[in-house]
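What follows are several structures.
The following pair of complexes shares a single chain, subunit A, combined with subunit B in the former and subunit C in the latter.
Let's look at the complex of A and B:
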């Protein structure tokens, strides 16, 4: 067990004495293999986190998204056609086939225009290849995925704020939901789509999210209250 | 190596502000005495077809002087920064993309290169771009009587016999870049190296305390 769990680590640091289960260490962003056994090389600045039995990652403040397989993302259509190009905020545009929607056939395809917003899942994300999106799950059902309404609004937040919004213990969405009726789609890529009943509601929600991003978890409810009154 | 006794061991005051721009992925304003630069980082982003590398990210550095187009001296500064950043970045993790580093000179009162190098490192930390190690730069000047002066300003450099710029990595405090001008002997070079290494250790501590303070509320 490394002694610096929960402490800050910096690029070039080496984390030693890691817990190995069946010869495997699961490492998240910011950690890379090191030539010595049982050690990992840190490449990002942040807090070293550990989850039993063998998962390690570095938690920092990042704005740039790097695609990961299985992530749910909010994307903006950049080019339409049989295979759309979708901007998901990564270094390369992702491709989304119009046939990968629920019930889509060659004759009956969803009508997507440039600028439309979709909530999709990353089917593949290799660093050598273009990321590929789908709007169906493995049973060919849409579930929550698919095109998002044009009445909504898309904003960008930092990647670790996304994790804080989605945290089951987070009070943020619950506090906002007490005042407003709204729909929200939170993409792991830092793009957040919000739709409310009135434009002013969406504007207030957006301001509340932007303010909450700078606040610690304990203070978020107070911030929400300020925006809700 | 014995460091001369009449050494000004104190550096000019270093101040910085992290992430004050919203558009870049990482940004920093840093001032070292009267010298000040702003650095913005974008990356990994889409790469232009003629700069694409299939095995690693292409690192682009743009140095913008206070006014006008970049001249020869600015291009030299840019190439030094490019070499240091390219050595430190773990660019193999992002093939077929590019990492863009933009350095805007705000005020040059001597020591713009070490200041810009330190700013680049802090901005890369702020952006969360993967790096193999941290890097810190320190400069020192040598006057006609053989006295060393750490972190010299432009007034000192006008009359200096020699000036040295060193860049160190954070792992073994090894030298990763060295730029010198003027005339000096080997012993003086060694003394300057030792002096700058001590100063660089202080800069590494400065990075760490700055980043800790910045991240405390955000995670």
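Let's look at the complex of A and C:
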């Protein structure tokens, strides 16, 4: 076991004495393989995390998104056409075919303008290729995917915070839901779309999320517990 | 490498901002004519100034060298302003390439400071037609969060006012440049301090926002940039974008900007004075504000937005009633136990003394 689990690591640090299960170490973002056995090289600054039995990753305030297959993202239409170009915050724009919406045919397609927001799933993400988005699942059903209404607001948060709000055990959204009536679409790319009944609600939610972003998990839990039954 | 593009502003963001303007609110809770928090800091070297306006950050550095004067102005020094946009500030900025924003910013700053003759150029002359001081101000954008121009103009002025050039003496033929250690350095003479103040115009010039953020800048129809000094003299007026605007409105903006400008200039002067005093005392602490990073009160803010939940209040009241029935018994140092009172009055709970024993052990 490395000694510095939960501590801050910096690019160039080497994490030693890692736990290996069947000759395998699972490494997440921020870690790179190292020539020595049982060692990993740190490539990002942040907190070193460990999950038994052998998963390691670095957590920090990252904002650059790297597309991953199967991620649910909030994207902004940059160019409309039969195949839209969608900005998902990655280095390449993603493509989204207008036929990949539920019930879309060549004659009947959703009307998407430049600047509209969609909630979509990454069908493919490869280093050398344009990421591809779809708004249907494998049964050709929309589920929760599709164009988002123009009434809400899109804010950018750090990727780490996205994981924290989407955590099953997270109380934050539940606590906010007790007070406000709102819709939220959280993209793994750090874009969060919120819509509420009144603009002031949306504004409050936005500020609450921004405030929570800077707080530790335990502090958020403490505050939320106070307002949850 | 893929080229980064400017962040696109979504339709819902545009709509949301306009909707909020109708309710007389801004996203960050400021009033329409309120500015973001400003801090000015100086580095170790002369003429190194770091300014932050909200989250926008700008670093300016003045440097000087001796050059031949321009043939059109033989007895005047040279001042060149150089705005640099590198990817550090925003991912779509490219270093080494002249973008439109860079040219516009450069020109407005030149108009504001150089063309209004704020700096005494004749005092920068060493020998007519042969040697003059050439000042170069490099303005680096460290973070772009809207209203770059205000931030850059403050940094430019503060850096120029902070800068000292080395003393020069002439003995007939040769000019000798004395180092800072040899002779006291000389301040630049600045006649007046013109600062740029930006307003964003919405809804055909009817709504005017001071100090727009990046998002507000993107949504605004037009922007009105005023260069004003503390004597309420307008040095620059620049209207970018498309908007109809009343002359009356412009005058109103100008008088507001004049007030702001005088505040800014006093701020710059006090900060300069503080830095001078510090240097006299021999403490050269570069970049004070980095050390005194303000702790954020985000937890309080979060509580504020979650608070005022009526159902919870009732719950808490009922809980309090329950506690009144029990008795609190102290248990060693810093701990206590709540003993609930049973209906028949008998106490079924007894405080154990384990706690005390373990305490004494440790």
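One rule holds in what follows: the second predicted complex is superposed on the first by the 215 of 229 C-alpha atoms of A that agree within 3 Å, B and C clash if a C-alpha of one lies under 4 Å from a C-alpha of the other, contacts with A are read in each partner's own complex, and residues count from 1 in each chain.
Convention: contacts are C-beta pairs under 8 Å (C-beta built on N, C-alpha and C of every residue); 3 or more make two chains touch, one makes a residue touch a chain.
Not measured: the values here are computed from a predicted model.
**Student:** Once the two structures are overlaid on subunit A, check if subunit B and subunit C clash or fit side by side.
**Tutor:** Verdict on subunit A: clash between subunit B and subunit C.
**Student:** For A:223, is the partner it touches subunit B (first), subunit C (second), both, or none of the two (neither)?
**Tutor:** After superposition on chain A, A:223 lies in contact with subunit C alone.
**Student:** Determine, for the superposed model, which of the two partners subunit B and subunit C contacts more residues of subunit A.
**Tutor:** Comparing touch counts on subunit A for subunit B and subunit C gives C.
**Student:** Classify the contacts of A:55 with the two partner chains as first (subunit B alone), second (subunit C alone), both, or neither.
**Tutor:** It touches nothing on subunit B or subunit C.
**Student:** Please work out whether A:176 is in contact with subunit B alone, subunit C alone, both, or neither, and reply first, second, both or neither.
**Tutor:** Touch partner of A:176: subunit C, not subunit B.
**Student:** For A:208, using the defined touch cut-off, is the partner it touches subunit B, subunit C, both, or neither? Pick first, second, both or neither.
**Tutor:** Second partner only, subunit C.
**Student:** Is A:184 touching the first partner subunit B, the second partner subunit C, both, or neither of them?
**Tutor:** neither
**Student:** In the superposed arrangement, does A:39 touch subunit B (first), subunit C (second), both or neither?
**Tutor:** After superposition on chain A, A:39 lies in contact with neither partner.
**Student:** If you stack the two complexes on chain A, which partner ends up touching A:200: first (subunit B), second (subunit C), both, or neither?
**Tutor:** In the superposition, A:200 touches subunit C alone.
**Student:** According to the stated criteria, A:91 is in contact with first (subunit B), second (subunit C), both, or neither; which is it?
**Tutor:** Touch status of A:91: both partners.
**Student:** In the superposed arrangement, what residues of subunit A touch both subunit B and subunit C?
**Tutor:** On subunit A, the residues that contact subunit B in one structure and subunit C in the other are 91-92, 214-215.
**Student:** Report the residues of subunit C in contact with subunit A in the complex, numbered from low to high.
**Tutor:** Subunit C residues touching subunit A: 1-2, 4-5, 7-16, 19-20, 23, 25, 27, 29, 296, 298-299, 301-303, 305-309, 311-312, 315.
**Student:** Contact residues on subunit A for subunit B in the complex?
**Tutor:** Going through subunit A, the ones touching subunit B are 8, 10-12, 30, 32, 41, 43-47, 59-64, 66, 91-93, 127-128, 158, 160, 214-216.
**Student:** With touch defined as at the start, can you tell me which subunit A residues reach subunit C in the complex?
**Tutor:** Listed in rising order, the residues of subunit A that touch subunit C are 76, 78, 87, 91-92, 113-117, 148-154, 175-176, 178-179, 193, 199-200, 202-208, 210-215, 219-220, 223-224, 226-227, 229.
**Student:** Which of the residues in subunit B end up touching subunit A in this complex?
**Tutor:** Residue list for subunit B touching subunit A: 19, 25-26, 43-47, 54, 88, 90, 93-98, 125-134, 169-171, 207-208, 211-212, 214-215, 217-219.
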